[in-house]
Amino acid sequence: MSSQVLFGQLLVGLINGAFYALLSLGFAIIFGLLGIINVAQGTFYMIGAFGAWMMLNYAGIGYWPALVLSPLMTGIVGMALEKTLISRMYRLDHIYGLLLTYGLMMFIMGTFIFFYATAGHAYPVPDELQGGYNLGFMFLPKYRAWAVLVSIIICISTWYVIEKTSVGRNLRAATENPMLTRAFGINVPALLTFGFGVGVALAGLAGVLAAPIYTVGPLMGGELVIVVFAIVVVGGMQSILGAIVTGLSLGVLEGLTKTIYPKGANMVIFVVMFIVLLIKPAGLFGQEK
Amino acid sequence: MSVESAHATEVRWAQWRYVDYALYALGLAALLIAPFFLYPLFLAKVLCYGLFACAFNLLLGSAGLLSFGHAAFFGAAAYVAGHALKVWQLPFEAAALLGTVAATALGLVFGAVSIRRQGLYFAMITLALAQMIYFMAFQLPFTHAEDGLTAVPRGLILGLFDLNNLYVLYYTVAAIFVAAYLLIVRITHSTFGQILRAIRENQQRMISLGYRVNDFKLTAFILSAGLAGLAGATKTMVVQLASTVDVHWATSGDVILMALLGGVGTLFGPVVGGVIVEMLQFYLADSGLPIQVVIGAIFVFCILLFRRGIVGELQRLRGR
Amino acid sequence: MADGLSLAIKDLHAFYGDSHVLHGVTLDVAAGEAVTIVGRNGAGKTTTLRSIMGMLERRFGSVRIGDQEVIAAPPERVARLGVAFVPEERGIYATLNVIENLMLPRKINERGMSVDELYKLFPNLRERANSPGTRLSGGEQQMLAIARVLRTGASLFLLDEPTEGLAPVIVQQIGRAIELMKREGHTILLVEQNFRFATRIADRHYVMERGRIIDMIPRAEVANRSVQLQQYLGI
């Protein structure tokens, strides 16, 4: 097999891994902070992509503003949903939160299908990022390199904010002991709303980055969240770093598998999850609680 | 929460016994005469999904374990039974048995791995594992990928009666349904069922009392998987088709909705939920409205305002 | 300089779920006073502190802090009025290091102690600044729990068993810190099993049993009523 194909596939794996990392990071933040499994995480990815597409087709807003505006919008939609619906779940058995987000996912997906059918819509690569570099062993499209770069930068920045800043400190405290943190004067309910917004905005950002690579359609992201499940089970949900590293690694692994054994490529992540559950149920980065 | 009403159900069981017997007699009578008023094939299909929902609810209502991948068992059995009927030309009894065994074995493998984690992790793992089965359905030769197993022959039941006769078909399915339902009732009210509910209420306590909780949970999981498989195998015979839809995550979601709508933790609730969801899918199939919108809306509505489900609310009104 | 807040609780009822835990608690703490609640385990002392703080969902009655009614206020609002809570389990965050634990509680005003002053009061904390919170010894955790609320400028302190399980040397340090709070004119409500410690600090002692206040003993009468006190505490 030519090196072009191998590295081409690895690049696809890296891109997917970068998106998995963003989605899993947002997912882990939401779960850590709110205790909610956001089954709709893939739907917010779709909303982010659609947001960019709509901005272009209805308002003439191009890629660069959309890169900021669409995730922002996605975050706002998320915060509205948290404030009105999701926050009602905190008092209940955690399962209801999962089922609510599942219902929301179906409803939102169905609504988009109603208006846009299931076919995909194209979104153009911005002019500045057209073309690519010929590295000899492979051809590296500019846009794809950009997508991976932005994803990794955002992941690391998010990690930094959470671990090293006072906002992150408040988030971590609220995650560990919400009631006591409130007794220290911190508005935890507002923090939860904000946290959910951030978690889904990350998914929305992945959506915008993905728009020029994959076509924009209501079905995108539908099955993505299941991969996210596998990633956070493998990575151990307590760890922000775990979600990022595992997302990237499993994406690359998926790409690698595509070159060696294409039929098993979409299953390899789940097989890894199966094995990790046998050997270290708490996850690679997790601790037994 | 309707799960609590299952607790109360046991306590009041003795008092309401006669009313319940009457209701069950009524239900049985309805089951017997229904095919003369409604299309038997549709009824048979509804019974299959009703059984699927009851099997799922056995796990959730008693053990408190939310499996988000039950379609794996339903669909795996559907494929195995379909293959047995179509390619190996086995009689339906054998095909149903094989399907059920396949689902049970799958339940053992998946259960052993997922039981290790609790609550939400468990739900996520079951979904991920089921997704593996979904992908396999596209890869394995015998499943024929997107086409699925079509034109599956029905054959004879008991070597005598032609299942292509819709009345024979219906009564066969009804018999299977009643038998399986009674089994679920028996399990739920047995000591095993009580222990499961105790584990659901306070697992730590049961561990300290010396119960091997994981063994109980795994057993419940395997039972639930096997019964879901029975439903799937029977479904294949009824609709003469096994396809990737049967192993899709939306099917897992559908069965959760059936249990939720009907009443988690009640015995008859999932059947009611199954009837409603199947009817919904039937009527919405030709309308322009995507089924996901309706399913999603009902889910959200139930979670916010109607967690006890239909039968759960009725039980509450009865003072259970 | 009594800038401490006053606390007035009238007929406070509180529930954990369906369980009725406080049955009409009534007590007062004047600005700048130090008062303890004593009683056996399970009497409702911790529940009372948590109810004041707004940490219990279902509460009825009246809790006035200064001139503000807070019976229905969320914890963050109670805290921002100037109330500080030091829980029985200390509440040191495992996912935060010592400095982060110290800086977490929101500053209410500029009248709190500076980080340097706090390090002078509790030298151990300076050395351990970057350790994860739970790597500290029990005594160090207690010091941290007190230090972090001293930074905020709060003027009503709710302390739940600050000396529990600690060595006498540490207990002395904590005693000194609380004396400092008193000198600053802050109001203190203390739950304490260690009665010797309690009598050193407090002007009055409320006795609690089964969710009710059953007696109040001023400092001057402690010696005379020591037998009765021992009965109350089940010693």
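Chains here go by letter, A, B and C, matching the order in which they are written, and residues are numbered from 1 within each.
The rule is short, and it goes like this: contacts are C-beta pairs under 8 Å (C-beta built on N, C-alpha and C of every residue); 3 or more make two chains touch, one makes a residue touch a chain.
Being a predicted model, the structure only gives us computed values, none of them experimental.
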Overall pattern in which the protein chains touch one another (line/ring/star/complete/other): line
Which of A-B and A-C has more C-beta pairs touching across its chains: A-B
Identifier of the chain whose CA centre is least distant from the whole-structure CA centre: A
Distance from the mean Cα position of subunit C to that of subunit B, given in whole angstrom: 54
CA centroid of subunit A to CA centroid of subunit B, Å: 32
CA centroid of subunit A to CA centroid of subunit C, Å: 43
Contacting residues of subunit A [partner subunit B, same complex]: 31, 37, 85, 88-89, 92-96, 98-100, 102-111, 113-114, 223, 226, 229-230, 232-233, 237, 263, 266-267, 270-271, 273-274, 277-278, 281
Residue ranges of subunit C touching subunit A (in the complex, touch as defined): 53-55, 74-76, 78-80, 85, 87, 91, 93-96, 100, 103-106, 108, 148, 152
Residue numbers on subunit A that touch subunit C, as the complex places them: 166, 169-170, 172-173, 175-177, 179-189
Subunit A-facing residues of subunit B, complex: 1, 66, 68, 113-114, 116-117, 119-121, 123-125, 127-129, 131-132, 135-136, 139, 249, 253, 256, 260, 288-300, 302-304, 307
